[in-house]
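The chains carry the letters A, B, C and D, assigned in the order they are written, with residues numbered from 1 in each.
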């Protein structure tokens, strides 16, 4: 329980506040023998790093990761991997005046109600910096998936009203614009839109889509730990996510069974589907086709416009949040979505290994070295 | 793990297939002293019962629940409550011809891939009858919430294209039409629409909305076990749900921070919010205002129209699914949504009890009877 | 949590009181494809059945098990297996006079303190009948172990002061005396001793030993979920167990390192140990040699001798417990020890399957059928 | 799963190897408002520190703890507390020659079998240094228990054959000798005995007893998560522990019901017990009297005597383990036993808070501040 742990067989526990000494994560259940060094993880952390364009915060976050345990001679040992990112460039006084008031759209009020008080510096545990632990662990999950030839790809489908239709996706352009959008000309439009938003001292939201290719059929546990249910939890647990959908998602509500059912057919002696309205999941279990997930990200709640709010001594006040904040967090959340998806898949892949007696017998009876 | 268990402190484990001997659930962690008898549970089960209108299956499911354990002299004892509903009216032969083929939109193929074979009678564990365990346990969770003056209300917001705008909600009409819609004239339109769908041997989907009133602020655990994340898993784990949203949900993607942030103000010496775009959850923790959840339900995959599919011996075939099936499952899913919401809330309410040292001290130090 | 669930990947949830409608268990995570019918389980339940000799209770407990779900055409399907044993021959009035008093050595007082009141009929959930769920589930775990050529054998090492030295073990005699002792002449002495105990209206305890053969090396998870730690919890959770030891157990306290260390040597190109003081577990992980576990069982607390106690209205009273009670529960607990050991092993065998990347790759990459 | 996590509501996750960068622990679920600073934790760590006498290793382990997260202005915030102890004075080359061989009595062989290879430096994750995480977390659990007036006290009852009878306990002497024995003259005898053992280049074991005072009745969850079962797992998970007993433990096997049952009586209008054979636990739930636990610790497996063993290339070799090793680990394990006991109690105290409906109603309905 207690909220900071995700996963069962491949299990991560994150910790850390924005203005404490650091942020970190412990990964337990990582199989032995995975090649792993700090640069494998740093590559993912750098993708969530701010300061890369004018629409991301100006803070200089080095966010250098240190592997504290769990590897030996360049490979994982099967024991817990502890990762540490020290906090730097913390300007606590920026937040001092926010100590007694509850910022609209933030968790200040709810944390104070739950715990009796809160670490008011930069959002504390509710800061976007909390995702560092998720991304660092996600890098390791992704390394495992790569070994199994499974690929997770997330990208920005929409920034405010600028939404890319599927027909216009150019997947090779995702890393060539600052918004991780699969179309550079839409990215240009998004940039123009964000200029306006910034001028109005406002912020905006967007939509992130995530696909998974190469996942075998059979992954996900029935009833409560379905693949889609576990992914929904994983994604909805990310700070600003307010909606999650699988495959056609909300549009199934206005579809007909004859349209929404994906027909099976045979191709190269394999079972395939003609369409993929289901987004790769049937009955909560992967069907071997591409997974399709979509999440809606709310506008950054920190805006410099004047807002009305209250203090913890029940006074009404006006507040203008100065600090350094992204007017949009969507581009930085893309790698977080990938991380949570990868973490979910690895855990469910491991859980699936004992689903058939025949596999268990093969594992323990044929491997004579294990029966010494 | 293993998928059939939900919750931590208030934990349920469901079991049973559509054509086995019965369906059931074990509820562990129910506090002692709750008045409970079979009719409290039957009332909820009757709400998911088919055969109540022309758009629900004609099967006669008595679905009478038996309490096998956990109560004594009309009250819960704190030990596990086992509930059993025997299956009746099983016509296994209806399904015999489906043994070797994979119905489009169903989990036949994915279960076969996961387990090597499957119980093909009526969907087995993937049948809608699986929700009996959820609803029976949800009835007990709801009884606990009632003791705490917390109310969960779900209703059909849309059936296919017939969607009720919030301004037209008449909450007192929910139980006065066969679709659990909060507006009888929209329910009439939905009925007409379903007539068409039926004529075309087709099926359709819809949207269910669920609200919670009376929930105190502070419920939900940070980071991975957020209230919204746990609810998303709970709801997405229901068979036909393909999307979940909280508060404004997907529409936050096109909103601005200045619009989407809910302003706090003071009323009667309490902190309130002027709007509720957040749907009652900030930073994954309840803020004391109304919870608002929305789910999209896909069209029933079983349709009598001819569909193209494959068999487990890799042959392509045509199939027309005759059996007895609802052309829409939305109305019957309303109580399932309520059940899963109630189960989530009770578990997180219990988990929250140890969030502050001062509460723990009060619990153990002031209750002198416990310190014998 | 909540106490009635054991295991992670192979997970059981038990329920039921001695004088409720029945006792049962749900097994979730049983792999698909295991041949299973009711007689496989009944065989184990019959071993814990009373009424088989003059030192066990005279109740006629039929204890017939019914499989309610999870099998199809004689094999497990991978979905939860629900087992039900209806209670019969309940003479509640035998216990009526015990409603208000706390029997010494029983959990009457502690349950009342925890829950505010209790089901006083026959011990309720603390009755020895609670072990029916464990044994029924253990029968399934044992069936899985048998498929992997792993054998669990428990037997009575001591009844009161009558203890069999290891040199006198005749393992083939275990099932040929009513005490499950591996030596019939010691069983005769135990019988004589129990006659005396009965005459004195008293009860006595004993020691059960359990061994496991065929377990591969490498089973058990480091640090907190060690094989020995998990077994200790499994065994100590059985009603009357007050001590658990592994291998040499308590006698290691007076041993020297040079005596206690088991030397490795090579035999038939395999690594073996010359001795087995460690009881088959090093660092919490199986070493491939025989597991040796030992538990101490306390004397049955229900005795017909007059005892001093108190009531829930704080009066001191005398009590003589009449009902039908075993003067010793050791022989009936033997199969319960086996069951808990088997349940632990299966769960840890499944958890171990993802310990090495090379095994995971083999599982998912070589099995091309899974990569459709 | 995955083994490095203990507890549910109060949950710890440890990580780190003896010769990696450090050792640490994340504590999740610590209630907000507990005063906590590094010296509170350091005090416990210092008690397990070596180098305090001639019978403990000569390594200079500073073992200074750093709080990385979870506190603000001297109090816990309710978010995860991350603790870090950097490793120092690592002489990896001491262990180089042990890379390819399996030390008798150590986990070298079992780890290699489980994971395919191992970090051979100083035992890696199986080193005694792993207990730093347990003790650091235990310090926090102990601070919570202190707030509830619950006291955990462990001490050395026996070193090899030198065992202190209960009648000779002088509890005030525990911290006045290097062995944490409650009798200084027995400590002197133990010292003489250890001299002999050292001369023989050997090692020895012992017994640690642990008591808990002030624990209210009602703690522990029935059936599988009994107080004694959870404690047994907690204690048996400590490296060298081979046996655990509660109350009279193994001696119940030769006791009679009339002797072993603890009579209840009334004193000062409270229910008390005349004896405490049960060790404070009835039916797995605390009865309000003193908890009594006992564990057997095996002799340190690292001895400088020549031993026979094998290498990973299946050669037989002789080995004399030089390094720096305690000839007995019992005195240093005392605080580890206390830590694991405290961790278990806090978790079960929190779990117990939702056992009665009346307490839950009191918590949520009377605390009007929470119902804003």
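By our rule, a contact is a pair of C-beta atoms (placed from the backbone, for glycine too) under 8 Å apart; a residue touches a chain by one contact, two chains touch by 3 or more.
None of the values given here were measured: they were computed from a predicted structure.
Asks: Among all the other chains, which ones are in touch with both chain B and chain C?
Replies: A, D
Asks: If you apply the touch rule, which chains end up adjacent to both chain A and chain B?
Replies: Joint contacts, listed by label: C, D.
Asks: Comparing the two chain pairs, does A-D have more C-beta contacts than B-D, or is it the other way round?
Replies: The comparison resolves to A-D.
Asks: How big is the gap, in whole Å, between where the Cα atoms of chain B centre and where those of chain D centre?
Replies: Chain B and chain D have C-alpha centres separated by 43 Å.
Asks: How many angstrom between the C-alpha centroids of chain D and chain C?
Replies: The computed centroid separation for chain C versus chain D comes out at 26 Å.
Asks: If you average the CA atoms of chain A and of chain D, how far apart do the two points sit, in angstrom?
Replies: Centre-to-centre distance between chain A and chain D: 37 Å.
Asks: On chain C, where are the residues touching two or more other chains?
Replies: 1-5, 8-10, 14, 29, 32-33, 78-79, 113-116, 125, 216-218, 222, 271, 288, 351, 355-356, 358, 370, 372
Asks: Which bits of chain D are touching chain A when the two form their complex?
Replies: Going by the criterion above, the answer is residues 1-5, 8-11, 13-17, 20-24, 26, 28-29, 32-33, 66-70, 72, 75, 77-82, 84, 113-119, 121, 124-125, 370, 372.
Asks: Looking at the complex, which residues from chain C come into contact with chain D?
Replies: Residue positions touching the partner: 1-6, 8-9, 14, 102, 104-107, 109-111, 113-116, 125-126, 130, 158, 160-161, 197, 200, 202-207, 216-226, 228-237, 239, 242-266, 269, 271, 274, 278-279, 281-288, 296-303, 305, 307-310, 314-316, 327, 351-352, 355-356, 358.
Asks: Would you pull the chain B residues touching chain D in the complex into a rising list?
Replies: So the residues of chain B touching chain D come out as 1, 8-10, 29, 31-34, 76, 78-79, 144, 147-149, 216-218, 222, 270-271, 288, 349-351, 353-361, 363-365, 367, 370-372.
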